[in-house]
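Each of the two complexes below includes subunit A, the first together with subunit B, the second together with subunit C.
== the complex of A and B ==
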């Protein structure tokens, strides 16, 4: 046997490289659908065939036709166009809620989990307090009394969602904190903030991303629910939740008035969840396999 | 040989999941007769565990076995699941490595043992009968306390759990027992007890035992015949005694030589370069050809067959005829022993710890331990799990704050690192570094090697351009900086961890079991690397290990810890050859392959050498 004092070790050539996994068809469909919704959130009003706010009392409660693809509502507005333009409030608010809650929740969760001690106690008791509040009810009360419309509702949801994220991230941080790679970083004398942000956090990424997607879907449904009961977007704005509320009376004459926005809502939420799960799996594999 | 109980012929295990089929085991054959113990020896990735699982039809999903596995003439691989279930446990039973996870934590020990017991008519046993039977079965594996029947696994030590696992595996009186690394997760003293127990049970029951292990010494001591497996292929088969005395394959020779000798320190351990390849990387040639010093064209032309080389022995080396005498010669050569130089401890110790105490809740981890480390010295801390050796190391590093006592590292009071000002703390951090046991978790999985090392260099104010040189210093090519840890083998990762430690130019490195998670053939490389760096960089080591042979190679002085107390200390040869404390003596005697006679002889020899 050779005695390899300073010999340079050559890595065995990699033969069985993992082939790139094919994207499953449901994910492709979900991604396509989300791409369309995002596109419409920006350019919805330009694409919509009819101005979604134009009322035409002569054309009220029409069934689907070649002119009004999904028929019209009580005020004679084109439902198809309103569904398209409704993408805006459907995407924008939930994205802000998901990202905002992620930012706040991750910050507090990381600090609580990594620092432990008093920081942990303070953050977690605050989280416990927030857990005791029913989010939807708070949103209704605050939104209904203080007012402020859609953006106020979004802001409330950011605050109400973040404790859930904080708890999740804290747990995951605790799991990483005592791993040897973290201790090695501590032994090197790296600043605590750097260890938290550059070492621990990247290892939580799969969880963070998946959770953000879930939060998005949940925020979407919650915001639509608030719109449905009249909190959030001002009357007249094309919004899926509000359209659902408006079309209650049409359900037997033109079911499409409800199925259009309702379907869009469900499909968006489901797509988000599917994509979130898929990204989680992709990220979890990263680092584990060569 | 009598009629075999178990006969495997041309076993092949492949993964058919994914687009690219992978081969785990290429060609495995073995015979096991009643009353016989055979050993399957191999490093990680050799396919030894999968072979055991294939015999029981317990391969993980996605893996497919082909070839023949015959149990008393019945073809196991062709049996339907229902029939296999009758064979499992009843005819062939399996004991697994990890006593901490193989028992269901929610079930009392008695239930594990009697779960499948039925009376002669196949009916359920009465409550009282079950209990009596459980007590009897546990007594058979050396658990005399009938109260254990009612205890939960977490209430027992690792050795006790392994006994319960063994009792459960033997409950239905199997004729073949497959033990997959049954003692690896245990302390040496417990390991010895479990292996002795296994032997006793086998003799009493006339079972056939297949012992799967990575530890050659364990295999030699416990098996009649040995099958050496490497990268999914058999390279050598033969009786233990013959294989140990005269290996007939370069790989077996390499393994034997790279084991640190128990009785003397050597200048440099012979090691096998590189690391174990995956089977499909070497499927078209001799599996060992990528690391063999005798490799020639004929070795890479085709996979060599396993041929009879002597009565009862077989080797897969095509060049055996030419190199046989050379192998024999190398085996016989005693590796040059290191000169016994007693380094005088320097006047000012680098580390001095006095009466360090630490408790976790009601558990006393350290009870007033004192130690010193001189400049350029390597000091071993040996002991079994729970002895407090890791806690001591963590206290030295400031990762744990001792309850009591005084620690001075490089002139800095280090017992309460949080109380130090930033500049002092930084000086302390740069003076002492650590290499952890498990190279798989000590590197951040999402960061590249270059990022990890660059960061360490930056801490010491050195430019990140030094990463390449740093990698070369630990024997890795500079191109590795673009890789992530997952793309590296265990040994390579440990090299990176060592590079990270030396990046800040420390005075002391605490090595916490740095080789115990590595394959034997890689262990020697890392030990040599540590020795070389120590000379080149003037490092001092605090070397924590449970392996006395490793301690002998890597340290000058040792401290023996037992349940948080320091029981013995002194120059490594003195302590290991003439242990003064009863615990140290037990530890030394428990090492596999260290019969008392051999120890005494070594002691004698050393006294003579030391005296001359």
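== the complex of A and C ==
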């Protein structure tokens, strides 16, 4: 994807030294943070100290206190609870986008790279199109005009993310296609599908796994951007992007109403990106040692 | 064909090759012809892309829920006679492809009809708000290039040192921070808390503009900078690993000469070719930034129009943005041609 694709550029670095090292501290922190967010995505409403939808107009725009940890918004709802519960839309949609794009992208990419032909043309042309309009923009226009809410936005993003994944996988497949092990498998008379899925694909795993994490982070940011401008989640939903939009005007009274969800969003995306980069280095190193 | 360096270089940078067959064309002896052939190919490809996008853009009216005629009427009175008149005015009684043809014919003359919301001609609304967005975009681009490229180069040269780690961290944070989040944070910090910058308004005159748009431009450039940083760093590291660098050093050239004459010159190619992707990120980010800072640009116009289901305006904006991106892509290709002699001889043309 455009920002998208670029989100997954991992610069070539000296490799080989890192493989036996223990997990770096930033990665530990990122993993811990992600674990918390995933936990909250499931149990957020049970953990939240105050019902995130309870309005209290007498307690509007309060500053952080022992009762309202991050203060309240215009309608007197507790920001902290809303941030906790907001993990749900922040996790669910991006996971579906990342996995969906991975599935479609890998299928098309493998076929395009290994077989070439029509699949190749389709993949390359689709990406050409994507370059002319950024995914977020297409999602704004289509999601906004057609409507359909959060799940429609998620579906649109799956479609928009796939071509980039396909192109990435296609490139990596092309590189594997002429390797001796593929030739050996072919000589053994294995069916093409088996070679693609059982032989070539496992060799792309570092790329696939890392890319899925980076896609997740990008999908999170994109979906939040959509809900920031009012596309996707219905009004009133505790969602980080929408909370940011609602509390833009509160920066004079309770800035935490904006900084809370914004911080949660950025920290989650940073963690995902860090873990993605780390997994890529880890897996590609292991491959080298084998 | 897309020069595969574009962002399939994502794959390249992962250490994988995405270049398929490289066959020298018959024109490899004649630089001018090679360049022309390349430019013509790209031009055709981009024209095809624009055509497909225009089709998609036009179809918006059809895929929008409800009767197109009612949609075009907006909230105005809807007697059957009026609906009939609108249907005729917008040629909705004609076959779909004919409708598209008529629309396209008008669109190439910047005539996208009238906005449902404001009743003004679409193009006059767009052009009146384009200036601010262009200013913001160029402003952010300048910041990005002037800060991002040198930082990326420094990071690459001092690989694994503190500077490098800082730059890598910055690019991870940048890529994870949507412009609207950093925008709101900046607004609070620098406009409300410290009072250094105005909270709203776009400013008058060039100096006023520069001052008023400073926060939006920095917020916007942060996202894009992450991309430029990563690309520059990766490109320079890639260039530094080449044999000709070793050779240049062996000849006793100063490190400065090696860097500027060999590494940077070669690293420039992937950096420049990524401009298209960078522009996409910039435009997407600008939409969010304009909303976050309540700036009256084309980005916020797009969001307002989408909210109001103002299809003609959305069509006009989408087409305009696509043309801008395609134009920049074309310029990028030409720059590519200027930077890489192999392209001029048609050797590298995939």
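The criterion applied here is as follows: the second predicted complex is superposed on the first by the 259 of 290 C-alpha atoms of A that agree within 3 Å, B and C clash if a C-alpha of one lies under 4 Å from a C-alpha of the other, contacts with A are read in each partner's own complex, and residues count from 1 in each chain.
One rule holds for everything that comes next: a residue touches a chain if its C-beta (ideal position, glycine included) is under 8 Å from a C-beta of that chain, and two chains touch if they have at least 3 such contacts.
Treat the numbers as computed from the prediction; the structure is a model and nothing was measured.
J.: Which partner, once the models are overlaid, touches more of subunit A's residues, subunit C or subunit B?
T.: Larger number of subunit A residues touched: C.
J.: After superposition on the shared chain, which partner residues are touched by A:179: those of subunit B (first), subunit C (second), both, or neither?
T.: The answer is first: A:179 touches subunit B but not subunit C.
J.: Figure out whether A:48 sits in contact with subunit B (first) or subunit C (second), or with both, or with neither.
T.: neither
J.: Give one of first, second, both or neither to describe whether A:199 is in contact with subunit B, with subunit C, with both, or with none.
T.: first
J.: Considering only the touch criterion stated at the top, classify A:188 as touching first (subunit B), second (subunit C), both, or neither.
T.: A:188 contacts subunit B only, not subunit C.
J.: So in the superposed three-chain picture, is A:95 touching just subunit B, just subunit C, both, or none of them (first/second/both/neither)?
T.: Neither partner.
J.: Shared contact residues on subunit A for subunit B and subunit C?
T.: Residues common to the subunit A contacts of subunit C and of subunit B are 2-3, 5-14, listed in rising order.
J.: Which subunit A residues qualify as touching subunit C in the complex?
T.: Touching subunit C: residues 2-3, 5-14, 124, 127-129, 131-137, 140-142, 144-147, 164, 167-168, 170-172, 174-175, 207, 217-218, 221, 224-225, 228-231, 241, 244-245, 248, 251-252, 255, 258-259, 262, 265-266, 269-270, 272-274, 277, 280, 284 of subunit A.
J.: Where on subunit A does subunit B make contact in their complex?
T.: Listed in rising order, the residues are 1-16, 18-19, 179-181, 183-190, 198-199, 202-203, 205, 286-290.
J.: Quick check: in the complex, which residue numbers of subunit C touch subunit A?
T.: Listed in rising order, the residues are 1-2, 6-18, 20, 45-46, 49-50, 52-53, 60, 63-65, 156, 159-160, 168, 172-173, 175-178, 180-181, 184-185, 187-188, 192-193, 223, 227, 230-231, 233-234, 237-238, 241, 274, 276-278, 280-281, 283-285, 287-288, 291-292, 302-303, 306-307, 309, 311, 314, 318, 321-322, 325-326, 329.
J.: What part of subunit B is in contact with subunit A in the complex they form?
T.: Spelled out, the residues of subunit B in touch with subunit A are 18-20, 22, 253-254, 257-258, 268-275, 277-278, 280-281, 290, 293, 330, 397-399, 425-426, 429-430, 432-434, 436-438, 441-447, 455-456, 459, 472, 475-477, 480, 484-489, 491-492, 495, 497, 500, 504, 525, 528, 532.
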